[in-house]
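Going by the order they are written in, the chains are A, B and C; count residues from 1 in each one.
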Amino acid sequence: MSRPEIYSPEGLRIDGRRWNEVRHIKCAINTHPASSDGSSIIEQGNTKVMCNVVGPAEPTSSSGGGGAKSNTNSFANENKVTLSVKATVAPFSTIDRRKRSGNDSRIQEMCLTIQHIFEEAVMGHLQPRSQIVISLYILAQDGGMLQACINAASLALIDAGIPMYDYVCACTAGMHDTEVLLDLNRLEENDMPFLTMATLGATRKVSLMQLETRVGVDKLEPMMAAAMSGCHYLRQIMDAQVRKHGKNRLARVGA
Amino acid sequence: MPLSIAEENYLSTSLSQKPPCRPDGRDPHTFRPLDAAAGILPATNGSARIRLCDGGECIVGVKAEVEVCGGKPVEVQCDIAGQLNNSPLQSFLCTTLESAVRNALPPSHLSISNKYTYKLYIDGIILDHVSHPLTLLSMTIFLALLNTRLPTLITEDNTDENDEIGLPQFESDWQQSRLLCDDWLPPLVQLAVVAGRNVFVDPTGEEAAVSDGGILAIWHQSKVVGLRTVNTRDSSRQVFNVKSVATAVDVLTQTSREVENALRKVVAST
Amino acid sequence: MATALKRYFADGSSGATLSVSQKVYVRSRRGKATKIVQEHYLRTDIPCSSQLCPICSLNLPKDSSGAERPPILSREPPTAGSWGPHYLVPDTNVFVKAMDLMEHKSAFYDVIVLQTVLDELRNISLPLYNRLRALSQSQEKRFYVFHNEFRQETFVERQQGESMNDKNDRAIRTACAWYRVHLDETMSKSSEIVPQVLLLSNDNDCLRKARELGVACTNLDDYVRFLPDCDTLLDMIVAEHGGDETHKFAYPEYYSTSRIQGGIQIGNLHQGVLNISQYNYLEGSVTVPSFDRPLLILGRESINRAMHGDVVVVEVLPESEWKTPSTKIVEEDNITKNDNAEDDEEENLLVTEQERRALAEEPATQNSSAEFKVQRTAKVVSVIKRNWRSYVGHIDAASISSDAVATRRQTSVFLIPMNRRIPKIKIRTRRAADLVGKRILAAVDSWDASSRYPQGHFIRALGDIEAKAAETEALLLEYDVQYQPFTQSVLDCLPIEGHDWKVPAETSDPRWTGREDLRDLLVCSIDPPGCQDIDDALHARPLPNGNFEVGVHIADVSHFVKPNTAMDSEASSRGTTVYLVDKRIDMLPVLLGTNLCSLMPYVERFAFSAIWEMTPDAEIVNTRFTKSVIRSKEAFSYEQAQLRIDDKSQTDPLTQGIRDLLRLSKALKAKRMAAGALNLASPEVKVNVESETSDPMDVEVKKSHETNSLVEEFMLLANISVAAKIYEAFPQSAMLRRHGAPPKENFEVLADQLRVCKQLSLNAESSKQLADSLDACKDSNDPYLNTLIRIMATRCMLAAEYFCSGTMAEPEFRHYGLATHIYTHWTSPIRRYADIVAHRQLASAIAYEPLHESLRDKPKLERVCQNINQRHRNAQFAGRASVEYYIGQALKNHELDVEAYVMKVFSNGFVVFVPQFGIEGPIHLRDAKSSFKFDEANYALILNEGTDKEETLQLFRKIIVHVETVVEESTGKRKVAFRSQNPKIE
């Protein structure tokens, strides 16, 4: 079978979206109240990520953070909260089953990236000598794994009541010849250069720009502009979800 | 958090007395409520999620891949949050469940041709567990296998002598895929703990910690087909009364049937 | 397919209502079965694209630059027969059967191409898909691709147990029904006639169901009958397979896909490209990686419907059936002359007796000297990829039945392709009588196991056979040369100043940025006389330190041809300029090629310069590259330059510069030769054409001057220097050119022939040894023999090819013929696309401009390389064919006796090569009165053995042949014919 049209001359993408449309988003918070302080599930198209946040709590080795790293009290920071991020990629999340070892370097790198993003977004000075553990579970991958992880972590941190400056919202944008495409799925990701961008809320503050494929310098600007509008749109959706959850909760408390 | 000696003694006594008294007031043969869903991950051949009320949670995805005959037909792997790979608990879970599924599986169900066969990769993620995760994982695998579907082979009519070198071809329509469990049921592995003469199913973490020890039963085709003791507490003391082992078999036979029916209803409703 | 539809509002900027469903299917590839889940969004904003629809034209989707696509389907669509104004909706099968009709200018306007149809077509044939896409891209035929699968109302789900085909047919009918209702509704207030939506299908079941739905529909043939010029159009439809229940012979069936895949994996089947012998249409060979020597495919049954150039899968036959390559000349028209096109199923035998006899070769003898000649034989068991294209040929007049002429009913006739390697093609036509004696373009559609010949259809007639225009067009079509005039969108890319374009006078102009002013250098160009597209110019001057500065200046084409423009893609697709005897088919518009980019004398031009500092012994001290502006001082022909050098009275600096260049070039050449560069030969002749009528006057062998070699040396040097530079800058994506070392086996036959016939030895261990032994292959009595041997040696080699550096390991980069470790083409950007790519990469390597990403994209570059390699080869073939045609024409009224060499010996004839014309051709002994015997071991034919007139015709022997042109009786085709004059063969 031949490769399908990634972007048809009529302006439709492989899944029927236009260039500036993000995939269907489904998100929920407080999904695991029993086992965590904050939790979320996000589905962006067929990419599905779960996130549990535990903390802020006293840093102990039993709090499970750090994975392979040693995790003693010396890890605690006198001035601000310590974040630790770990991710589990389910072997069945890809089309062909693939078992990743726990210390896969790409996953470790992604965890570190997410840790750095939220170290800036969380008001860490309010919780010195404590630790927040963010656990991500990647259950299904269809492009945009990093963006989904960032968005899930953002929601779970808010659910946990961690003080933050704003949501961190992430979105991908790719470049097909001269056309910018927003929020790529797996087939699109494999076919074109793309970047992942995260912004702090609906501002122009960029907390992450990751580009791992070659692209002409002149193409960068339109890609960034598209990704940023995607981020801002995502903030709306996430914020609506959080407010809806809050309203339901208040209604229950009130009754 | 470890129990104090006083707590331990109190718990131990309440469990061993006749009639026993469980901290949460449950009957010895009653399961805690749980939340189960099947078919949650469309990209897998079969999947399930079970959540316990204590926060324990497990997700299982099944992938069937076409391989050349001769390897092992089933592989069970699991990832336990907060634990390193190759921990004793992890390998215990994997080997126990792998052999249970392998023994229960009718060999013809994975066969494709005399050269190719499906291999089932059963991967579990235990996101959190307070009590022993064996029962949890087993139930989730059961549920996932129940809704596992395999693509059907397009049979080619040319049956010439060279056919064994031909690669298999499959029907593209997923609706025409077949259920793995069409006329058989996967096994269930249940853990019960023994305290004195009493047997408790679905033990909580504390109950397991003060019990005399655990007994696991592999249940398949309406009978217990395997039995094993499990050390559920840190100390080495593990002495069972023979009678309580017999009780355990009875109890587990009963509850396994109930669990099996309950889980089948979950799949039927999705 | 799961169908949980979730409504939601998508991105604020598009504001479209979308719902999502999941496409779930099993991908069965390479024996794997993978479940695939993809999102599938359904929308309501896909326009119907009719200019009559007031709703859709108000709400046109925009792309990322904000541009809208205007409605395509016209307000006044065509009518036909009883159908009023209508939009056509052809189903997939109609496109497969009648793509040539769709492209025809006389009908088929306002066509709706459904996404379902487009996708199906793409899975059936990529070339057809590309043609349809091209049609929908060009505005003139008004083809609109309607994405019915993404529109909520027209999306169709596969039902339980429904086949994919049935589902697609249902989707097509649903879309037609929707269109009708949609147009009725939206135009309810309009005063204009609502156009019909007419479904075209040849599937009766589908037509019936469409009628039940109230969709207007018809069969393709019934529709075409109402069009003007329907006879021509009907001929262009691909024939249906007749009811062949009674066929008595059949080719072996191809193996199943799974068996092929499995077999290749295990290694008992092999994949390769089929190459049919030029002299024997029943003999093919396939080179596969597993074996050093090609596998022979002998006979119609083993070739099994594969055609020259097809990618096939073969199975090796048992050793008892291994053979030596055929030693006979077998031409199809002589053997199958009497086949009947109308009813070839009537015959019982797949392989006719004549063919059997033609191939009857005794199995390999245990003759030790012939041992290396025994080759593995194989049979074709599957065709992976057809190399089918359109073929030019003529109708075999003998295949037309007389009553067909009278009744004008549709009959089958044979088309005999110009290319000998292609079998006759059966085509159906009503106009058989009109088409005889014409050059015809036809396509191959299918080749059933039950049909001896492939089935094709007529596309168009080019004109009378032997008419110059028709023959030239035939040749261009045959070698797939794109000869259409440049489109307006290409011409729009040219500078608006046109011929008045000048290098900006002010050096502050932005176009001067990064350019060196080299206008004062004494630059000149040396080219063949009358050259208009001057790619290159040179200069040399002594430096104070005793060294020399040498510069090669190349037309700065990449300044005018920017990546990703219409002109760029046109040039990339043409690949090269094609030179015919009386015609040049340009790669770039003539304004660039012969003016703005041509480095003409006395005018300022943008250039790209490579400048070296060299010692007097031509050792390179320093190399640099720069964009520049030059003013050439003189444009010499090779001969003029030679005269200037030789004229001792000329001592001006320009002449001195040329002398320096010549001296340095000799030093460079000596070094190259010492490194093992080959001096190869190919027959090069020049046809002189009288300019007014372009009738050929005479033929001469091209002369060579020292100055030819001067230019060549510096071009080689420039190319090598540039190759090294761009490879350093872009290790993964540099555009390079390699020439693989030929396998030693390739020379085995030639070496044996030389040993047996001339007692000469040929050593092909390395290029150096080959060069030396070729130098030694001399016969003092016959100076031309050496050239002949070089020509034959050249044919044993591999073709040089363009490649992208990331696709090969560095040792593979070597250019065998030039004996250099790296090479590229950089010096002729006006006429070769590879050079344009190299220019852009070099410009980026010296930080003149950023590199366009398409030049870093390895897969894209690989596709470019593949294309230009193919175009390059075709251009050479077309050039040669053109020379051959003109030689035929030049000899039309002359008969003469010339010297010739025996180049190949068969058991029933031999091939001669005529140096004077650079042509070769067979001499059959079929009708000879003299007796002859084939002495295979000595590569000789012995004539009149035992009589006093005994003659031995051995390979390499010089003979005198009589050359004339004859018109083949069956075909009316003129070709050069040879008759041996001395020794005389009657």
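Note that in this section a contact is a pair of C-beta atoms (placed from the backbone, for glycine too) under 8 Å apart; a residue touches a chain by one contact, two chains touch by 3 or more.
Since we're looking at a predicted model, the values are computed, not measured.
What kind of graph do the touching chains make: line, ring, star, complete, other?
Shape = complete; every chain linked to every other.
Consider the two chain pairs A-C and B-C; indicate the one with the greater count of contacting C-beta pairs.
A-C
Just the number, please: Cα centre separation of chain A and chain B in whole Å.
The computed centroid separation for chain A versus chain B comes out at 32 Å.
Counting only Cα atoms for the centres, state how far chain B is from chain C in Å.
Distance between chain centres: 62 Å.
Just give me the whole-number Å value for how far the CA centre of chain A lies from that of chain C.
Centre-to-centre distance between chain A and chain C: 50 Å.
By the touch rule stated above, which residues of chain C touch at least two different other chains?
22, 32, 36-37
Where does chain B touch two or more other chains at once, residue-wise?
Counting only residues that touch two or more other chains, chain B contributes 42-44, 65.
Identify all positions of chain A at which a residue touches two or more other chains, and write them in rising order.
46, 95-96, 142, in rising order.
Spell out the part of chain C that touches chain B in their complex, as residue ranges.
Answer in residue numbers: 1-2, 22, 24-28, 30-33, 35-37, 158, 160-161, 164, 255-259, 261-263, 265-266, 268.
If we count contacts the way the header does, which residues on chain B are in touch with chain A in the complex?
The touching residues are 41-44, 47, 51, 53-57, 59, 61-63, 65, 77, 79, 81-82, 84-85, 121, 123, 125, 127-128.
Any idea which chain C residues touch chain A in the complex?
Those in contact with chain A are residues 6, 8, 10-14, 16, 18, 20, 22, 29, 32, 34, 36-43, 46, 61, 63-64, 69, 119, 122-123, 126, 129, 133, 136-137, 145, 147, 149-150, 564, 850, 852-853, 856.
Can you check the complex and tell me which residues of chain A touch chain B?
Residue list for chain A touching chain B: 32, 34-36, 46, 48, 50, 52, 64, 67-68, 88, 90-93, 95-97, 99, 101-102, 135, 137, 139-140, 142.
Which of the residues in chain B come into contact with chain C in the complex?
By the definition above, chain B touches chain C via 42-45, 64-66, 116, 150-151, 154, 156, 158, 162-163, 165-177.
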